[in-house]
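Below you'll find the structure, written out as structure tokens, and then a few comments.
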């Protein structure tokens, strides 16, 4: 994945590649929901559907050796950074073949070959990790950057401000990506967030921007700029991506009427869907035909089906493994 | 202690009263230093000398039933809120007659009859307490306000941002007083504090001001305005008072040359001393004569001597008291 | 009624009888918490007394300490016990020490409700039972209810207590049903309860492990072994006498706790019995607790981590048969 | 050399031999910490490897976890052990679980240095010994050195270890002098050390309590009682065998630890002995630890809180004479 200079129009191939990744995430998550509803998946999962453009736009501006830290809603970040659906499904099912040998599950998938330092079930819990990875890059003299994904709810965690202060003081190559999907679980973020989100990083001297999280090209272009700054040693940045989750807070959150309206959900699904937004742009620009998009979609569908079959067939770890990996 | 409307010139009596309190604090702390150097005081203490105008200016704008929370450098706050030197000395010496029966010591003096909820040896540790006291006032329908004193070093503690967010969301009557004396122990605050201090509270939608912490009249007037807002239900505020500690971080911090210069110390002592600043104003305005100031100083000296004698004579608690007061 | 309903009733009754009681936590109002334990409270008491907070565990706990010091009786809701990691300063350095450091002049009538317990397939950061940490802090009281009746009576007592109390509910208990007395009642802190009388072996169990112990006792009865199941109900204060007397009577004791084994609550309970019942013991006190591993997600692995009725029964047989 | 100099040497040697080692903490550079333990390091290694941080314990510990996951070996300095309250999430939920949750694919070679110990007239928030908390977290290793030689060798091992290690120094030990071997050496984790051999009673002591135990042993020798003093040196991993064999030999054991007694490390150590040495014990294992009260400031009160040589000796006499 390469970066472009600020403002450079995004090449059609890259756009198509991003369309494919977003489709892969969408289909993966729909499948996860199915696994839950058919009681094939232990526990719960937090679906990324609706937010695909954020993970894909950001990770498309990163190199494989750049790092990301992820959240409880992390499947999209993981796939966008290059993980295989098969080993991810296997992890969600608690199988030995999973990225974490079944020990982590949905909220702890890590894929360090692709630079994913792991999802995190503590809100704001990975802010320190990402910042430390950025310190590591600068101390070891590489030009890697670290990206910290978190939801707007993490703005309630004090440690986020502690590490933004460190990153700014030491000009660390870390980019904080705030995925504002409007809700902290079942509470609207305006009830939990005083003042202006962007004013918070700026108070620590951190470059801060906002972007339409449903427009993958915008997310990509803005991230590419911030990544360039960071690689050039110009320090940390903060990007708030305005987005929306179509489904519940987790797969079991079916009745949402007490905290948000059908109309609101419908509006985002119909007017702001990241796949539709990019798809129509590609077609309008005659970059691709409807056929191309269907082909890409079909490829993604096949990859998901293959991955799912692999995971369903894979064996569980042997119970004796419970005591392995406590210490390195 | 009464408040004045914004801008109202401060009456000479009040100014003289504040001069007396500042002098009392100055003399108290000089005595504490003596107690340490003569090995009469167990442990260490953090002297407030140089910062007197902050505590006195702020507390003069409060009512007795308003609350304050204090810090490891808390003797000045405690005296400014109305505590007696005698029981304070007794506490510093670990005597039964102390405000905390000797159990708290210098870093934990509390005087709840005068609304002092206690000093705190955890940097930033009282931010939640002050914010909670403000919530208590609003829930119980009183018009009390809570003042949270902390040093600029506490800006490194995440919990401070967590509670500022709560205070802003719920319009709580709490005023955060940031005593910026330039140093976090032995490190200059510019090495530990990115961006702009005032931008931090403002990012949470909190009214924020800066004031010359060596000018007690300015501290008083600004605090009075912020207290009025808070009492009127207009929400929290943040005030950074720029000040300086003349002595070491604690009484044992004698050689300071590796972190700050003699010249810097001298400059503050000679050009910015809060007693000199207020004293000369009082004289220039012909509000008082040099004689009046000497009289006030003499009264303070007598009070300190009486208090010290009381504390030195007071008995230690009986060892059996060690197991008392663990549970209410 | 269910354990969750008992908690809800206790909170509703205390909110009704004392205007200084309020609840603050994440998604506690309309959502009634993710566990639905608080459903209906905001509707009755309003958003001024049931406050939805930002995701700021340290902040709301600190807020609770300050409100408690100044005339309120806050009930702070910490969704998962795993997040106690974020509030230890407010609990251990502030809430627990304020009364003592002030020479008895300030008090902190704060209740912190949180959860514990594994086997929900929630993985390592949502499955911990960290009661040993708070039990190690002088100045805190620690309650681990095991039945709906105890939960209601103990929570009402905790809220009325003038000290900071950490009240820990096992997530696996919420749906469990049990008899709850009609009308007003409370259960004192510091009084253990013998959940089942027996002669041959004492099983001291905490929280949901009480159910595990009772199931084991059933198995043992079939084998002609009579097990006594003792529930301390509160770790602090601890009712040493009841534990020790039971062990002295049976001569054999097992401690079952869902915290990790190493440096856990089971060590203290076992040490207490080994100290005071030493001359009556026919065998070493056995400890059964969570494996010393982070709780894994994979079901076949997670199921290895927590004591089961079979394990408890098997251990008891070994003890009794020698 | 002094205990503080031994720590300083260990850090200097590891900073020299491994470019990925760095130190971060409050006032660690020019000030060399308030205890002056790090004096001279920034002068030799520069501010890129000895970083003065803001007062952000959680932030710098989280930073250390991330740096450790990505190729560095950070040494995070937490000035007072009382501030562990602020880093428990980074330690327990992040550092301790990363290796396990990732199925062994990520590791966290992090060292967190902090302090413990009372009697410095520092009052309740600067005198705690909270090692029991971290010892209760699977995935963390916990080191409590008691001599300059152990401190140096154990710290070098901790820094080279691929796991998160919490290294806890007693503030009262810094000025204590002791022999330190010349040249390069390390001390393994998980190996207890018999500080004094004896026949009549085993005294298991941790950190500065080892000195207390040795002083007690002197007194006891005068009374014709031969005490064996065993120092586990690391709580996790714990060398059970050495503790148990000593207790089996003497038939009597006392555990001395400066943490609070309730739910503390002394409970685990006593439980281990009571379990595995049960059949050899002539008397119950005795626990001596800090009183279960916040540490008071007033000297006559504080002096009551921590075990003394007289108390240990007296307890041993009771045990031996029965």
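By letter and in written order, the chains are A, B, C and D; residue numbering begins at 1 in each of them.
We take it that contacts are C-beta pairs under 8 Å (C-beta built on N, C-alpha and C of every residue); 3 or more make two chains touch, one makes a residue touch a chain.
Note that the coordinates shown come from a computational prediction; the quantities given were computed from them, not determined experimentally.
Peer 1: Between subunit A and subunit D, which partner chains are common?
Peer 2: Common neighbours, subunit A/subunit D: B, C.
Peer 1: Compute the shortest path length in steps from subunit B to subunit C over the network of touching chains.
Peer 2: The fewest touching-chain steps linking subunit B to subunit C number 1.
Peer 1: Using each chain's Cα centroid, which is most distant from the centroid of subunit D?
Peer 2: Comparing chain centres, A lies farthest from subunit D.
Peer 1: Can you compute the centre-to-centre distance for subunit A and subunit C, using the mean CA position of each chain? Integer Å is fine.
Peer 2: Centre-to-centre distance between subunit A and subunit C: 37 Å.
Peer 1: Indicate the whole-number Å distance between the mean C-alpha point of subunit C and the mean C-alpha point of subunit D.
Peer 2: Going by mean C-alpha positions, subunit C sits 29 Å from subunit D.
Peer 1: Hey, how far is the Cα centre of subunit A from the one of subunit B, in Å?
Peer 2: 46
Peer 1: Quick one: which residues in subunit A touch 2 or more of the other chains?
Peer 2: 100-104, 108, 120, 122, 125, 155-159, 162, 165, 169, 191-193, 326
Peer 1: Do you know which subunit D residues sit against two or more other chains?
Peer 2: 53-54, 56, 58-59, 82-83, 85-86, 89, 93, 100-101, 123-125, 138-139, 291-294, 296, in rising order.
Peer 1: Edges wherever two chains touch, nodes for the chains themselves; is that graph a line, a ring, a star, complete, or other here?
Peer 2: complete
Peer 1: Please output the residues of subunit D touching subunit A within their complex, sorted ascending.
Peer 2: By the definition above, subunit D touches subunit A via 20, 22, 48, 51, 53-54, 56, 58-72, 74, 89-90, 93-94, 98-107, 109, 138-139, 141, 162-163.
Peer 1: Touching residues of subunit D toward subunit B in the complex: what are they?
Peer 2: That would be residues 26-27, 29-31, 34, 52-56, 58-59, 82-83, 85-86, 120-126, 291-294, 296-301, 303-305 of subunit D.
Peer 1: Taking the complex as given, what residues does subunit D use to touch subunit C?
Peer 2: 82-86, 88-89, 91-93, 96-97, 100-101, 123-125, 128, 130, 132-133, 135-139, 235-236, 238, 259-260, 262-268, 270-271, 274-276, 278, 281, 283-287, 291-294, 296
Peer 1: Could you pull out which subunit B residues touch subunit C in their complex?
Peer 2: 67, 69, 98-104, 108, 110, 112, 117-118, 120, 122, 125-137, 139-140, 146, 158-159, 162-163, 165-166, 169-170, 324-328
Peer 1: Which positions of subunit A touch subunit B when the two form their complex?
Peer 2: Per the touch definition, subunit A meets subunit B at residues 155-162, 164-165, 168-169, 191-196, 199-200, 202-206.
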